[in-house]
């Protein structure tokens, strides 16, 4: 019983005016909104809208490890569970977590682990749950970005935040922040993440075709975009502290 | 509000129970009072209908997807509407070993039965061509924060999702499915408006809309689905027992409160006009 | 590979003489037979025939809990496993336990638990295994009824027995003890169970359509039927004690 | 009779073994003697054939269901007969962690091979129309009480179920399956009457029909299926080893005892005349 | 999506010159090669080619038991895992282990266990992993034979080796060492294994049709073939010791 | 060579790391040097292509099987080529609880992406008739000994298997598939020759072809797939981070080393002429 309306791709990914299909310039990001403290029960949480992506992240920990045999005597462990709702994509996703979700969970864990001081939490675990409610390209980068915010919201000591974005090639042009349709119909996709404490790449994947010169260009485009997104992350954290402060002063006035 | 990080202590349990005996609830509500309800509709771009519903701090986000399939041979002109629920581990520290499977199955089942038996979705309207092609609707509920009484939130969430639906209309031409460019909307799909109301019982006290602490210590619950005129589904769970008189009383109360709630929520406002 | 003889339903569920298809009056039960002590290896067991339903129940416990992490330090646990054989139904059931079997297991556990003094058995478990060999409507009620007998046969202290029956609506008439065909072709189904120590309902489900007046009628019909079935349960237990006594006196004579 | 609630103690083990060396069994039987067999047939209304067979306290209830399917391309005119077994947790306290999967697989496999290789069910008779439609028969065995030697009980139980069969007769008309109103019975379906006999071995003593205590302590078992004239299947299990002479002796014994048992049981009496 | 080239069987399994299709006489074995010490990481290992069968066996142990609850306080346990690659057979095998693989694992374990002194290794386990890379009839016998070699290569004390072979009936004639095609198109198959310390059968299966006289013939044919194969096993072990010795003397010279 | 029976000790770890800082490796190799590679082809009679490849002590045996199926509706003239990997428990004592699933998924995925994105197997050549029948190729890798750097061995192994292919050629006649008696060989199937090179990183030292001890203690790895002219795939794993300069340097090095390796291996020599 396959879906019958096809997910068709346009022949061209640039409009006649040189803009991308959603009106953006080549190096322009989609609209991004972030907010922390959105899940009442969690130790830390964050919500992100990035284009049509809508993603929740929640952190629980440090807490006891289940099952016990996963605990490490000399350090804490970090576990990341990236999942998508069945209705987050064009064709209904099966409810059971697929290979792709497990792979992305691992990739995000590799990005978050360098940020933490796990050696300070022997025998415990941190769990980061990420749920993509609506997906529109670049979810692994968006999920990494919002997960870092949720960790910060939980008040867990961190070396820095991590920020991620995908650059890519569409109709032979290098562009920043691929949308869903650009990701599927494009020629190349390079998601990457930067850990700000050492300004190095903790996520780097590529599928497509590029020579050495193009690769340098890709990385340079990514660097600029990552700085922009980082600012939005910082603003979301600040906003929470301002709100808390206002609440506190409000209570005193 | 109390933040539930562990199973309720004996002291809290006594406190809640003793107050209930005096017909007082720890959060100040009366026995037959709901927490605040907030509803957002059509929140998911990828879904053909969606809702984001909160009841107090309990929050469920629901989406509708569809597929087109061959009907069952014995029901050649009826589509199918299925309900699934998932308790996200995001939603509670109680779910650390993985959310309880039984609870999500119960949530899906009770919401599904409320919809199914109340003639809410008219499955004959989901037929594109008899024996050939029918719609399969998937209503998938995800619990984002768990603070008690998932079932009633789930019921409103599923109903709002259906009312906000915009499913592409297909027809068969020369044995092939083609899309008309129009959409089936909530008005077309939804007939009756069943609401499900859940009561908890602790010792001999019965109360509407159990919050999480109440749910964790209660002996049992009973969910009753009602349309404007009828009871369409009952589901008792837990080890509480109910006297015959209590059942008759609850049925009556559910009809009354249901009528008022249906009016207050005014779910038809969430219909989406698409294209 | 679907079964091709269809499980067809008749248009009318009453005969011209006003009797139901199997010749019963509206408030008449199907023939019921119960027997205890039927499984040699079990701590307690019972067998029931109710119309064409044929059900075994066996109890093991109190015993050590497997897996250990399910044990509770302050009380015993009760676990109920309701299963059906592949050949108990018209279309061969898949061998693996389905959702329905898990749901009914939970429902029956909720009916049995109020009967027991689990606080007297910390750290242990009671397992009740129920196997439906042949099914013909009302299996959840029949299974609850026979499971209570198996517990009693095991000599486990109980507050009382529990008894269950389904009432329902067929061709707009309220009737007692729906048969398989009445269950499928009927308009409404209300299975319920009574715990005799407080004469309250421990099982109550409903699917269909009823107003408040009909609901009172339903419950009143159920109450009468439950008393009848209770008597058959008591007789089955008595019969065993009489047999034991006869054996003992036989041995003495 | 001894009630088995735990794994056999060392003392019991010695007792059983020492008696066996004197060719005596703890339940009084001779080395080549079966426990009592009782058979009821056609006991399940929902099944198209069934049997309730006990050997001593071991009891298996078996039912037959059918389906109609498209044959395998390389066997266009042959139906299929499958055997499944389940050791119900009802049947023994030894199964508390769930019944042993391997044992139920072995039970199904040995019974299946006995039937399959003895030309018992003639799969060509299960053809409705070549390349189009054949019967699939499911013979499903459920162990209700476990007191040793499931295989031999399973064999008799499967055979009785087949003999008691009443499967609706279908034929193809204009490419559609229609039912003639008649039934295929055991006489039509069953050709050879294979019986499977199982022996245990402890140290150097071999004996027929191991009871549960014997089974729990034995080094190994061997099951031999025989028809009137031939050996059709052998299955050794466990860590016991058998000398070449022992194998030849057991084959001979199985032919003899099988002949007598087939006559005594007289399974054809369980044929069902339906309609 | 079924394979479309059919695995067809010839009508006759003997050529006009009375030889079998692969040119063998009735009692002739296929070419057999064995080698020990082929898997660097294992405690013991062996490789066998037998006709087109290609099989690796590796032994790890005695070592700690995982999961712990399988450990026995008074003796070691032996676990055998027989598996086939997806490409070892005509029609691609599914990657997950099937029933047949589990069954053969059990059969091989029953053949190997009588050889070992497990009572000397309480609380530990031996694992024997067998992987059939290419299959051509008689894999359970070939796997048993090569597994015994791997155990010997691991230096584990053994009462003796075990050797296995299948005899069978094709076109009404009794033959030794059935090839893949003879196994599938033949009339009967009798795999058996001998433990040399007591010269008794530790594996014996049969499917087909034989009378008592034929059975005696089968066993007599098997006995002769088993002795031949045993010699090849012994040679493989000797070869390793000679090589070690040469290495040692080479080092000294 | 060091036999890895346990996770590396702290002493060994220090030893390896300190030497690496001096650009020395414990097995005597330079930082950008591979271990010895040995290749055997067409080793499995039952497979339609196969390879047995070793890199040092790491050994993978790979086979190709095919199936014929109906193409995806949106890619009506393209076949499919899938890659699977299994880390056999034979291959390492580290796999005693069952081989790590994640590692085999990663191996399959990285090798698959190397092949897929480099236009290596031209899926349009796997079409028998558009909309009707296409080949599905299964490339299944089995790790026989695990001594580090599975990915690079897997890449060579998959490529050699494809080059050694001999898949029966089919064509459609009157809607039925018939076999021409000819075979599709490696020359027909394989276009580009992508190689994947994997680097480890410990502290600030990067090195090619991590051996097992290096792999067990390294902070992370990066695998880069290259054809003659392009980078076609990158995959970073582990918690190591790489500076922008390091990435540019590694890309350049991979192009160079890849060119030389492609020439040295000369994989076309493993083409099989069948019939």
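First chain written, first letter: the chains are A, B, C, D, E and F, and each begins at residue 1.
As a convention for this text, a residue touches a chain if its C-beta (ideal position, glycine included) is under 8 Å from a C-beta of that chain, and two chains touch if they have at least 3 such contacts.
Computed from a predicted structure; not experimentally measured.
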Co-neighbours of chain C and chain E resolve to D
At the largest C-alpha centroid distance from chain D we find chain A
In terms of CA centroids, furthest away from chain C sits chain F
The distance between the C-alpha centres of chain B and chain D, rounded to whole Å, is 50
Between the Cα centroids of chain B and chain E the separation in whole angstrom comes to 59
Dist(centroid_CA(chain C), centroid_CA(chain D)) in Å evaluates to 31
Cα centroid separation, chain A vs chain C, in Å, comes to 52
So chain B residues touching two or more other chains come to none
Touching two or more other chains in chain C are residues 2
Among line, ring, star, complete and other, the chain touch graph is ring
Starting at chain A and stepping to chain F first, the ring reads A, F, E, D, C, B
The answer for chain D against chain C in the complex is residues 3-4, 43-47, 50, 57, 61, 63-65, 67-70, 84, 86, 88-93, 96-97, 136, 138, 140, 142, 144-147, 168, 170, 177, 179
Given the complex, residues on chain C that touch chain D span 1-5, 39-43, 45, 52, 54, 56-58, 60, 63, 66, 81, 83, 85-90, 92, 95, 127, 129, 131, 133-136
Within their complex, chain E touches chain D through residues 2, 6, 99, 102-103, 106, 110, 113-114, 190, 195, 198-212, 215-216, 219, 223
Residue set of chain D touching chain E in the complex reads 73-74, 102, 105-106, 109, 113, 116-117, 220, 222, 229-239, 241-244, 247-248, 251-252, 255
